[in-house]
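Below, chain A partners chain B and then partners chain C, in two separate complexes.
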Partner chain A sequence: MGESDIDRRAFIKQLGLIGQGSLMLSALPWLEGFAADKQKELKGEKAKIAIIGTGSRGLYHINNMLSMSNADIVALCDIYPPHLEDAAALCPKAKKYTDYREVLASTDVEGVLIACPLHMHAPITIDALNAGKHVFCEKSMARTPEQCKAMYDTYKMTGKVLYIGQQRLFDLKYIKALEMVHSGKIGEVVGIRNFWFRNNDWRRPVPEPSLERQINWRLYKEYSGGLMTELATHQLQIGTWALKRIPDYIMGSGDIVFWKDGREVYDNVNVIYHYSNGVKMTFESIISNKRYGMDEQILGHTGTLELAMGKYYPEEPKQAPGIQQFINQIEHKAFDNISIAGPSWVPETASENKGEFVVDNVKTHDGSNTTGAVGDGSIELVSSFCDSVISGKPIPVLVEEAYYSSILALLGLQAMEEHKILAFPEEYKIPYLNHA
Partner chain B sequence: MTVSSTFTETAGLFYGSHIDIMGTKLEAVIVNSNKDKIAQCWKEIQEEVCRLDLLLNKFNPASELSSLNQKAKIRPVKVKEELWNILNDCREYYDKTNGYFDVSLLNYTHVVFDSREQTLFFKDKNTELDLGGYGKGYALEKIKQILLRSTISCALINFGNSSILAIGKHPYGDYWPIGIQNPYNPEKTLGIIQLNNNSMSTSGNMPNHPKHILNPHTQKYMEEAKLMVVQMNNAVDAEVLSTALMVVPPKNRDEIISHFNPETFLLFDDLFL
Partner chain C sequence: MKDIVITGKRLRLEGLIFTGCFIVAFLLNVFSIVFYKTEWKELYTQLLWVICLSCLIYFLFLVLRLLYFFLKRIFVAIRNL
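Moving on to the complex of A and B:
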């Protein structure tokens, strides 16, 4: 068993602790594949996967997949030779390609994992699904709302497996926190705040100037929606997940404030998503100040969740129980010990509401890593994809959630570019969350 | 400062709490059917702890101790009877603990007592007297007197979870069963103290409050995950001994404990284990 399998086992075990076995899984349908009986059906098979795009994120997945017992990397594809060679060094038996169409023509390949620049997500995904391949595509879904919709339609039409890299759906601290939202633990949700702060130019080193746009594709509009498609999509999904609805209008403002280095995408954005019940979700990202890091905060009228920190803060922190517990005992003519003795209680420590972790052994990261962080659900997500490739069955919820988060990111970008308040366009609603 | 209380008529049960007094909170459970008597008693307890806050709390700038701390480094300062007695008492405890209980947090022998003039002078300008490891025990002894004077025979007084006084026993048991919580793992009970007409004191660190016990011999804060629990007849003795044990090296513990002869003691040296 590889390291990734161990992680996955721990994940399933903890998942079981969050709810009560099958009862819980029924509320989290996209995780049903992790159930023991479903795992048995897979009979220890391996999914034959091609990696399309072997840059930093692709290598991150390859490294994880090498220790998964259900994954077999059979092909590698990249148009940039140094990246292809990096991957080949890890997977010497995998066949190398420079044209993804050849990968899709290969009968050895059952599923493809796409980790290439954003503008290629839709063309490759759609071609792959139409070629009968199962697809894992990194987030965001696509460069434009039209492309996202076309991907979604192709997915539905072909009936093939499609995964989008929304790893939060596979991250225990998020799963638990959202379960708390839905069970009413924080009361009525009255606001959602997402932010992602870094302090760097977001550039990768370029060996020669002609490769600038190819390597630093994130900075150019032709390939990327900038902070919205690369960062916001992860977080905007929280709104859909928590509120089970999509916003009715969107407004925002974006600028290049600090990194005036020829880039075309904003380095400073602020977007508001308005929901029909008046609740707002915000996304703020600045990449020239990192003080506040990254988090998603769900504000309820009785409590707050900091999702990336894995923390829950009740509005009224509970007082440490004291000897009044004896009052209740004596009233009921009972006799039992109460555990209260300890170091001196001081008011300063009581007023500090340090919150409670929503799951044990919570793994957090500050959002500064640009390729992937430990324990963020990525491994579970890709492993689940491999299971789905073997079973051939699409999973519910994931694509729909990813679709809306990508659409929200792109609509936010459009609102900023057009200096307009946008109503959510009817043509981008899909049959999910009561939108028939 | 927040004071609140409730009385359950049918069971003759009183619960009072007083938050933010002497740097912590005070709670009282009093079992007696005479409502007026309890109310009077609780009022006296209130007045007493407020008075003691003004006497002993170094964090209260209006307290006698604060004033002494400011002036005694400059010149000998006249000290009123009660504080004088307390600080002399602390000197005896200093000797009894081989110097490990030191309210000067530095070197109590550098505090000059002039018995004839009843003045105090700090030879070392960095001296600052801190009665944090004494005051709650002293207050509990005062509260005990109030309760006994009022002929209360069943009560439990909790001063900040670290100092607890029992008058009599739990109405439905042979003692007040007080569990000791592991501050590093609150789900876990480390042991149970059976309080019956006596006191217990707990000293230790908390994960979010690790730097509050200073070793006077090394001038270093005790940051280990230790917890010292002492059960004794006298609340001041209990307070002093548990405080001293936090800094006494394990090999010297037996000797110092023998000077006090506590009813029970429980020492936890590594709560992470």
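Moving on to the complex of A and C:
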């Protein structure tokens, strides 16, 4: 039994503890595969997986999968030889490919895990689903809204398994926090704030100039939507998950403020998503200052959740025991000075309420790791994909959530590029949530 | 050195006084729970505070009793002059 299996067992155990076991699973249908009876059915079987794209994120998944008892990496594919060799060193028995179509033609492969640059997500995913393979594709879904819709339509048409790398859906602290939102613990949700701050140029070393666009694909519009598709998609999903609706208007502003190094994508963005009930969700990202790190904050009228930190802050902190309040009041009346005049205006700086953790043993990260963090749900997500490959059954909700988070990111990008307030386009609505 | 003798009667009296102080402190806890709308489990979770409050009340009552004792002695001494 590998480390990932231990993580997974701990996840199932904690999932049972934070909710009421099966009751919790019924409210989170994408986690049904973790139910004890489903696990029993799949015991001992392995999914034959091909990894397409063996760069940093691909290697992260490979490392995790090597210690999963339900995964067998049978093929590796990448057009960049050094990356392919790095992966082959970890999986010496896997066949090596440089053309993904050859992978899809192989009868040994049951599922593919796609971790290549964004502009290739849609063509490979669509070809793979049409070839009868189950697919795990990293987020964002695709480079354009049209491609996202085409991926979604192909998924529905083929009936094959499709997973998108929205690991927050498998992260315990997020699951518990959203359960608190839906149970009314923080009251009515009145705002959502997402931010991701870093201080680095987002560049990777390039061995020769001709490989610049291939390696630093995140910096060029042809391949990437920059901060929106690489970072915002993770966080924008929180809006759909928490509010169970999609926004009606999107507006924003983006610029290259600091890293004027020939890149085409913004290094400084600010986007607002407006919902029909008046609630706004914001996304802000600057990659030349890291003071505030990253987080998603759900603001309710009786409490606030900081999702990445796994913390809950009630608006009114839990009051002291009655007897202590009584003694304090007597003490104040006896010894406090009588105020003659106080300040007419008090600056409302943040309270020093330390809050409380939503689950035990919260694992957090500062967002500086671009390939994956410990305990962020990635292992559980990929393991669940392997289970689905074995069973051949798609899971509900995940693709729909991922679809809307990708569309929101791309619409935010479009609003910034066109300097317009965009209404959510009808053609990109799917039968889910408030458009079911 | 003179031995201080605490009689059984005195011990019983002091015990009764402390019990009275404890009951007063306990009732103050009940009042606080109702007044500040806190949880009823504080009846037992806050017992340490109740005991501390009992000691405080006992001590204050002791001061009053000693004061009464000394004043009484002073008055008796003046009357006997």
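Worth a mention:
Just so we're on the same page, the second predicted complex is superposed on the first by the 405 of 436 C-alpha atoms of A that agree within 3 Å, B and C clash if a C-alpha of one lies under 4 Å from a C-alpha of the other, contacts with A are read in each partner's own complex, and residues count from 1 in each chain.
The working rule: contacts are C-beta pairs under 8 Å (C-beta built on N, C-alpha and C of every residue); 3 or more make two chains touch, one makes a residue touch a chain.
Nothing here was measured: the structure is a model prediction, and the numbers come from that model.
After overlaying the two complexes on the shared chain, residue contacts for A:333 are found with chain B alone; chain C is out of touch.
Contacts of A:92 after superposition: neither chain B nor chain C is touched.
Among chain B and chain C, the chain that touches a larger number of residues in chain A is B. In the superposed pair of complexes, A:321 makes contact with chain C only, with no contact to chain B. Of the two partner chains placed around the shared chain by superposition, neither chain B nor chain C is touched by A:431. Chain A residues 322-324, 326-327 lie at the interface with chain B in one structure and with chain C in the other. Within the complex formed with chain A, the residues of chain C that make contact are 28-29, 31-36, 38, 42, 45-46, 49-50, 53. Those residues of chain A that touch chain C in the complex are listed here as 319, 321-327. Interface residues of chain B, counted against chain A in their complex, comprise 6, 8, 11, 13, 15, 17, 19-20, 23-25, 27, 29, 31, 132, 136, 156, 158, 160-164, 170-173, 176-183, 189, 192-193, 200, 202-206, 208-209, 212, 227, 229. Remark: chain A residues 320, 322-324, 326-327, 329-331, 333-349, 352, 354 touch chain B in the complex.
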